[in-house]
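Next, two complexes with chain A in common: one pairs it with chain B, the other with chain C.
Now for the complex of A and B:
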């Protein structure tokens, strides 16, 4: 008999949470497959129990925010775009709001953390801080300041997750890193070290640094190792002066590329331009914000600093006209959400959630329903998030009926579509406001 | 019934074919040996049951050793059987794999490590020091049949860190859907290849080196096996009457299934093999005919049918096929099962075909959205009934 251990984590975003199951085999079985649960589910059946009974090991439609999704890397579709983004060159992705840019950015960040060494690129997420600037046409110096801060935040968190990098560095290298961090972090370095020592929890440090979940690295250190790491940095004296932004930025680059020796260089992940009222749907404003960075893109690439821009679709024509070489075809990718691609979003998630058992809602639907994803994709607004919301609603409609021992029925789909049509005007309104 | 027919164990003298695959790996290996850059350093071999993945992997391991590689072989099937401890099994398995890798380099002392992450770092450090002297080949078998928790840990602590090393060649083999590795070198920069059945010439060559007495029956064996090397081997072990040996061959195919489940799996397979695709809706009517017990099976709940379906997918006899809109049996078992039923139990085979035809006839009327799909299935079974000259009344 197999033993089931189900870990349930409430996401805080929804009432239903998500679950991972760990299945352990006995010694007589060669393969670790789950034995079926009780065939009959009763009235007290929970959402997750029901999903599990359907063969889903977790709710793949629960997390709409890509940065919070632990399975993001497994869901990846559009491999060609990821492959073109991943490499020693600059690259751009154009997509509408909600079109998958942030998911790709998070995916790039997570890929940088594979392994525990410095032989992959170092990712710096750069969301231009419009509020801290007095205008929407920042200078290069403005960018340097913001870039240095963004780099310092990720570097501190990464060093905390990987204390062995610090332990193996020569003593003489430590003051340079300490100085670079202290110059550019949003708060005093010692405050962050104190937080680590007090909470012994890098999740707290991540939150204090205002970094999203994509920056929660796997394999945090043991507590005693973390405390030893804190002690090393606490012992170093704080710098008494703070240079100009450019020097602060260059100090961090030196640490990343020379002291820590990141083989894959630095990936500068520019995102968030369609989340700010200053730039959204205004291609001219996007171009103006980016202008100082765009001038540096090619020279930076020579220094192994590769800009990866996740930009609003509306800005593509203007940027391509104004900077034809920077935005030439080999560097540029556009995500266009077609019905087949949206259907693939759902199918991929089902594939991952069932651990490859099946990859379509058809497998849990009545024979009356085949090609269900395509049907839903044609009804949803052409964005992955909309597709996920509608798909989840179909499952919820079935669950609501407490008909646990039958597959999805056409009535579930029709009810979900009715709900979605009623909800959709709000979504359109939000889109228009954006 | 005689003892279960067993497949031959690998031996170099019994290996034939797969020249293209051997050449491709050799080419990559030679580049790595010469210190040249090779972007795609992961090769993935997939294919149906008994197509020869494990044999190819063993042959490649020999070849790579001859080319001067340190060869690290991992069979995930073996690691799944380690005794239980208080740690999750995948962690124990991966720790064992790391320790085996460490020992491979002649390291006597324990690498140490309070956690799996630290153990991985320590072992990888040893490996990295050796790589400039000698490239490493990692051959992993039964990858895609394995539990995803095991694969996630294997990627995190072994394959992911190794895949980025320019002097490491990774060869993966397994049956089923590809696992969604996150590491670009294991997912995007890979050479995937599906192994196909042998041609008739290759079947003859195989029998010549493995079962010489069966060579005169090569054409007959090939027609039954479809060129599947494992089936060729099993059928050739009964050269006097390969078709009649099907029953034993099918039992041999069920070898990985625990004895207490074997009969049920065999019966479900026989009941469903006539269908191009099946699902929880189609299982009960077919079982009702197979067991001649409509009272029980026509009243089966959806969840009971799911349990039956899961038994077949769990043991990798069936997989979901989106194009077919249902689960399909893998080619080799289905081909053998159908041949067995046609020869040994022709009336049952006819009854099952008729039941399928009648089922789809009902569905054509019931499910208008997918009418043409079910019409096609209806016609398929009608054709089968005619070909076999079955009576169409029951």
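Now for the complex of A and C:
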């Protein structure tokens, strides 16, 4: 079923009975129906229309979790830290919440993911599944099981997007891959194959596998090729037993490094360590989650498995003290944001959302507000997410005035700042106050 | 405002002033300033004081999820449980809550399918398989007991439900799959059924504020700190919570990391005036109404703002008697003496907090910390004897001195001449009036009865 948004005219009809002019799908799969539109026309849908009128084709400040953002790849700015993370070694990035860790992780996933050959590293986003474990003190076996599942999910989607790999593999290699997938996927492999066969594209498969937008590719295989690919895997017999987690993990590594022969090795992208109630503010708890796999980091690097950890800033002192060699300076990075960089975060989003028509709030602000992005960057916590929140609020304050013909005014900025001071997260510690 | 063909509710719009009892509410609904934010597909906690319109918003969010009475997203009423004694707010506890939430999702989905089976029958086979699996896997207890009426009624969907529970569903995920994976499968399947996502709605959190707030808040805080539950496209939470919860919950990981937005329901006098005018217009079956038609006394609107504060319910509570009088007397503006009489007869509701020096008068939450202890005790005494005329002697002896009986003559123990304490009592009453009366010069709450004493008018 399609979703719709009801748009209304912007001719100042802000009360009931505003004219219905367009019905069009919404990117959020969200819509309002005529029955309920009376009181909401101006309160919700005209927000989108107002953005359109400004020249923005979508709300570039709406998605605050980088992993959920379908446009992230288009407007993620180049940060110098990317180059320090890329390469054949382990690396850690420390940043406060909202500091860009997940965006960076997605960027690395995406850089690994594009291309049709195995000459790039294979990305495994690894977010410890605390809910599945029911604890935050996992054993090494727990990690192996979760790692194997994370790897299997990406591998299945990788193979589905690139059926030619399967076609060119020797027949003898297929059972090993099939077995590795069947052992470690969260559900029966055949269900995922059925999904591909029935939907005839890979978007639903990506969603069912719970993989983020970094793993969407614009060029899925042709339908008949995809169906042929499914047939090959369906024909193979399913394993009847499931070994221990370590064996499952090692089977996948063998497939990746030996059978498929990923030249760049495997990137293990560890993120989301502060996602449980116990780890949200406690560096000790974060260290405890990591502890079992830290012993493997250096040996893995010898086997071309490179851990790239995206860790909460508050855990850095503890981890550095406890594991000085692993967290030595060459391996450790912190994301620093400056006013120009933060301003660029906003400008880049505007550029993408306007499809290149303009790249600054200056285009829609009164002349007195020239350089508004820099102004806002200096006022927000020096974190991209906070910058986006504050920028969106400025637009919302303008929208609330319903003076659609005026540019952004200083009063909008002042109101947004007042709101932001009250809504600013007070538990986030940021060292590099601008 | 467009006139509706549906019979108007008339003056009953000033009845209970509880959104639960107001099926016509959509006809006069006035969105609060952050309404666009509230109905956006993002997880949000809406904080609001008593009477600020939380339940009204909850109902509007529900209404926004329907088209001709048919939902286009799965609405699930659910709230986390409080922690039991000795229980810790851990990830294990949160997982149990997630399982509990899935159970509620199954019930809501079953209710949907019972009524609109085509949501299932028209879905592709892969989506059907996932929905059948989810329903079988995550309903707790015996389906016949949990869903009995749905399975037994004559709706066309009851056959479908019976079939869904009797034919084994394919295994979609293994039993050790994480809740995040379950959510991903469920929302992917729902996205092609016409139910474009899941909205978990939690109204009534207010009830916990007076029962066991600390343990409830610890649990809710842990739930809101479990980020994977708030990072799934297609799963949105809307929670309505009392303002008192805001300091604690704003520290939860999901709020601090912006996975969950927070909105404080705040109304300006202009917005409240618009809200009141729309409701009066509906009551009178008029397209519009201007509050100044009700009374042209220059003190009327300031009084309303003072008494109503920023709470819609308090504004409407004050306006109800005036509108009824207005309607019954040819819709002529109330004379000042009539308005003054009515406001005496219908003073703002007053609640004295049991656990602190606070009193709620109409829409104003008044801090009584500055009040001398004896004045506060006097208010407490009057509150316990609300509606009863209390003599100054009783106030002095029983409340001020804490005696059990009031001495009547000079021969009684503790007796003193009235002139020795009346000044003291009058000063305390003056302080109390300054604190709680909207207009201390014309008291409506703490009213003197000449020669008899004073009475605290409390409407329950």
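Just a few scattered comments:
By definition in this document, the second predicted complex is superposed on the first by the 283 of 434 C-alpha atoms of A that agree within 3 Å, B and C clash if a C-alpha of one lies under 4 Å from a C-alpha of the other, contacts with A are read in each partner's own complex, and residues count from 1 in each chain.
The rule is short, and it goes like this: a residue touches a chain if its C-beta (ideal position, glycine included) is under 8 Å from a C-beta of that chain, and two chains touch if they have at least 3 such contacts.
Keep in mind it's a predicted model, so treat the numbers as computed, not measured.
Shared-chain residue A:223: touches no atom of chain B or chain C.
When the two complexes are overlaid on their common chain A, residue A:378 makes contact with neither chain B nor chain C. After overlaying the two complexes on the shared chain, residue contacts for A:298 are found with neither chain B nor chain C.
In the superposed model, A:191 makes contact with chain C only, not with chain B.
Common to the chain B and chain C contact sets on chain A are residues 28-33, 36, 39-40. Taken together, the chain A residues at the contact with chain B in this complex read 22-34, 36, 39-41, 53, 55, 73-76, 79, 82-83, 86, 110-111, 114-117, 119-120, 164, 218-219, 222, 347, 351-352, 355-360, 362-363, 366-371, 404-407, 410.
Residues of chain A that touch chain C in their complex: 1, 3, 16-17, 28-33, 35-36, 38-40, 43-44, 47, 62, 64-65, 67-68, 97-98, 127, 129-136, 186-188, 191, 194-195, 198-199, 204, 207-210, 272, 274-278, 280-281, 385, 389, 396, 399-400, 423, 425-428.
Residue ranges on chain C touching chain A, taken from their complex, read 1-2, 26, 29-31, 33, 35-37, 39-42, 60, 63-64, 66-68, 72, 89-92, 94-95, 98, 124-126, 129, 170-174, 176-181, 183-185, 187-188, 191-194, 196-197, 221-222, 225-229, 231-234, 250-251, 253, 255-259, 262.
Within the complex formed with chain A, the residues of chain B that make contact are 77, 80-81, 83-84, 88-89, 114-117, 120-121, 124, 144-150, 156, 160-161, 164, 176-177, 179-180, 182-184, 187-188, 256, 258, 279-281, 301-304, 306-307, 310, 313-315, 320, 322, 325-327, 363, 366-367, 369-370, 373-374.
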